[in-house]
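To start, the structure under review is shown below, and the notes come after it.
Per-chain residue numbering starts at 1, and chain names A, B, C and D are given in the order in which the chains are listed.
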Amino acid sequence: MPSPLILVNLKSYKEGTGSRAHMIAQAAELVAKESGVTIGIAPTYIDLHPIAHHFAIPVYAQHVDGVEPGAHTGHITADALRAAGAAGSLVNHSERRLTLADIDASIQALQAQKLSAVVCTNNEAASAAAAALAPEYVAIEPPELIGSGVSVSKANPEIIKRSVATVHAVNPKVRVLTGAGIQSGECVRIAVDLGTDGVLLASSVVKAKDPALVLRDLVSKL
Amino acid sequence: MPSPLILVNLKSYKEGTGSRAHMIAQAAELVAKESGVTIGIAPTYIDLHPIAHHFAIPVYAQHVDGVEPGAHTGHITADALRAAGAAGSLVNHSERRLTLADIDASIQALQAQKLSAVVCTNNEAASAAAAALAPEYVAIEPPELIGSGVSVSKANPEIIKRSVATVHAVNPKVRVLTGAGIQSGECVRIAVDLGTDGVLLASSVVKAKDPALVLRDLVSKL
Amino acid sequence: MPSPLILVNLKSYKEGTGSRAHMIAQAAELVAKESGVTIGIAPTYIDLHPIAHHFAIPVYAQHVDGVEPGAHTGHITADALRAAGAAGSLVNHSERRLTLADIDASIQALQAQKLSAVVCTNNEAASAAAAALAPEYVAIEPPELIGSGVSVSKANPEIIKRSVATVHAVNPKVRVLTGAGIQSGECVRIAVDLGTDGVLLASSVVKAKDPALVLRDLVSKL
Amino acid sequence: MPSPLILVNLKSYKEGTGSRAHMIAQAAELVAKESGVTIGIAPTYIDLHPIAHHFAIPVYAQHVDGVEPGAHTGHITADALRAAGAAGSLVNHSERRLTLADIDASIQALQAQKLSAVVCTNNEAASAAAAALAPEYVAIEPPELIGSGVSVSKANPEIIKRSVATVHAVNPKVRVLTGAGIQSGECVRIAVDLGTDGVLLASSVVKAKDPALVLRDLVSKL
């Protein structure tokens, strides 16, 4: 069984761009090495290339357009992500929703480049739908928990359990991330015990004074 | 086993609005009565209410917004569709793509009003994803056939067969429509033989001089 | 100088659809006749046709797609609006934002049918931009006032004054509506004194137990 | 009077990413130095930072989101562009259309970082609207000429002349680029003679075997 994935979305946070992105990547690399847990980060497009080359951690884009290289202005292709050293991309994050056809196209484009797709979803039905598209991961973000400060594992463990069951009923190969409500190592432990393969989180790491400290706590119960 | 559904999308065609919409509805009612086949039409929002009240055929909206009644300008709610006498709505048509979250919300909103959702999809994977959301129908529109004049049944029967199998593997209760490439009664026959529960079509009926004639041909081999 | 326009957006409010839409239209017709003030309403697409035919008040759509009749599913054309008896349409309401190219196309499509465009904007610069597209009306909706219960005329008269000046500097023929923060006849009076040609409002009329009473108050100081 | 601007949009072309982006930047720097003409390039987000740091030419993003740094996934902020060394950004390119409100927000966000906004528009009215938002540049892309191989200057000089006049009537400080139909140095010469301040172009440089050769031709008649 592979290590759970702790995936840190740096979003467009001031505290997650430029030198801070490098500092968080360094902390992730350090704690991953100490703990044996896989820690990935999803920086902005601009920080992606240097971070993917300087650190031995999986680096994800925050979004990808499911188009071939060509006459597309302001787009980001899977081809460009692979060339930049990415391991994969978030797809359909709640802050960057896509049409069903575009989610499918993004997954196809990523997989054609041997990159992983992490499709974000907002409930059990959407998670099952995403699973039918056969991405590597589905990350469940119940809207009532996004940025709420409430732990998904404690507040609503049933939605996680049911989503894992539904996703696996559709496609048992798709791994599931708990995508909201992760505050601490105990949350991560509960998320894994509920059957998910890791967590997707953002501000608690990105805005931390000492990201390594937070990351160490997050992996502490695994 | 219920009758196949012949669903005619009137789009925004000049030949499908106003008095022409009524004429097509009348033809649909007539041919449905003669043949025993269910024929539905999807007129514009403006024609929906009068047609649903004057004709004994199922009337579908072309789009619905998955929101509750409230402060939404330029939206169309499932609640309003039910009050207007609709039987359901198209969702995610190729000319009106929605996010995955909105497709799910539209289906939920329709079903809460006891209306049917006909979710349009562009390939096998998207059809499976749509099926996971448990709409009443999935209508498969392979992009290479939309408006092409080529019959889906003849040109690419495999995509239909595989999509039916994939949809039913995810949710056996979801019915499948062949949503492109339907030119004649023979096409409808082949579509049904390939395992679909009917067809979604548009211009060949809407632009016909005599829609009843075309509809009679479409149901002739059932 | 023409009468100011009181334009009531019924949105998708439960209290603004079906029989309630007719009741509000009747109240608008009554108060318009009593006062000599022009009162228009913008009902849902479904209510638009019957209301435009039963009442002698200008009826607006809440949105229009700037496309020709044709293969557009779930769209609403200016052609269909004209056939339904509409006087015009809202364009780019804050709940239905459009691209710049689509705003322009919508205005062109409306004007080709001799219908009026009421383009909603969120600030002074956007109002000037909208004016450059030469619609009949620009309705200014400062986001901080939408649904706030604060009167725009009292809270922020300067933004209205400056927007009127900016709009007229770009195109003196474009009329301006105060599109948020209208609670009472006094607000309407101030809006007009600030140089606008009327108001666009919604919930205070739509949700009123007695819409005629509210409308009488709104026109009372003109 | 400043030099005209030759702005090369590298889009997502395979021939405009990675080492090819660097090669084109080098050619631009060389020809700019030889000729004294300002040549800018708009690479993908991923190539933007290294190119802005290695070459003494203005580098533009292909798109920017008009939001502050924060919880925005898959977005690109003006703040991040400035940190990466960009000189500005394209806004509302025909392949990446924005709402009017977002165009305005993008311009504001860029200017708050002392970056230049190049707003693309599709016709005379939209150009006037864009000018009202006071960007540094408006780039006119008549849709009938995009990628057509027809020179805008020859085919339709009137639309350019009228657009320049309309833009300057709204805001005389806004500079205008001819944004489609540029094939050669003669086209650039005509574009400038028609009153524009430069050109925006893409494939003819990006797909050239020898971009320096093409760039030399483009500046040859200035």
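Everything below uses one rule, namely that a residue touches a chain if its C-beta (ideal position, glycine included) is under 8 Å from a C-beta of that chain, and two chains touch if they have at least 3 such contacts.
Nothing here was measured: the structure is a model prediction, and the numbers come from that model.
J.: Between 0 and 180 degrees and rounded to the nearest 5, what angle rotates chain B's CA atoms onto those of chain D?
T.: 180
J.: Let me spell it out: compute each chain's centre from its C-alpha atoms, then which one is farthest from chain A's centre?
T.: C
J.: Over half shared numbers or under half: where do the identical copies chain C and chain D land at their interface, same or different?
T.: Both copies touch with mostly the same residues.
J.: Between A-B and B-C, name the chain pair that shares the greater number of C-beta pairs in contact.
T.: Per the contact counts, B-C leads.
J.: Counting only Cα atoms for the centres, state how far chain B is from chain D in Å.
T.: Chain centres of chain B and chain D, defined by C-alpha means, are spaced 44 Å apart.
J.: List the centre-to-centre spacing of chain A and chain B in whole Å, with centres computed as mean CA coordinates.
T.: Centres of chain A and chain B (C-alpha means) sit 36 Å apart.
J.: Return the distance between the CA-based centres of chain B and chain C, expressed in whole Å.
T.: 34
J.: Going by the contact rule already set, what residues in chain B reach two or more other chains?
T.: none
J.: Which bits of chain C are touching chain B when the two form their complex?
T.: Touch residues, chain C against chain B: 9, 11-14, 17-18, 42, 44-46, 48-50, 61-63, 65, 67, 69-77, 79-80, 83-84, 90, 93-96, 147, 202-203.
J.: Considering the complex alone, what residue numbers of chain C touch chain D?
T.: Within the complex, chain C touches chain D at residues 92, 97-104, 108, 121-123, 125-126, 128-134, 166, 170.
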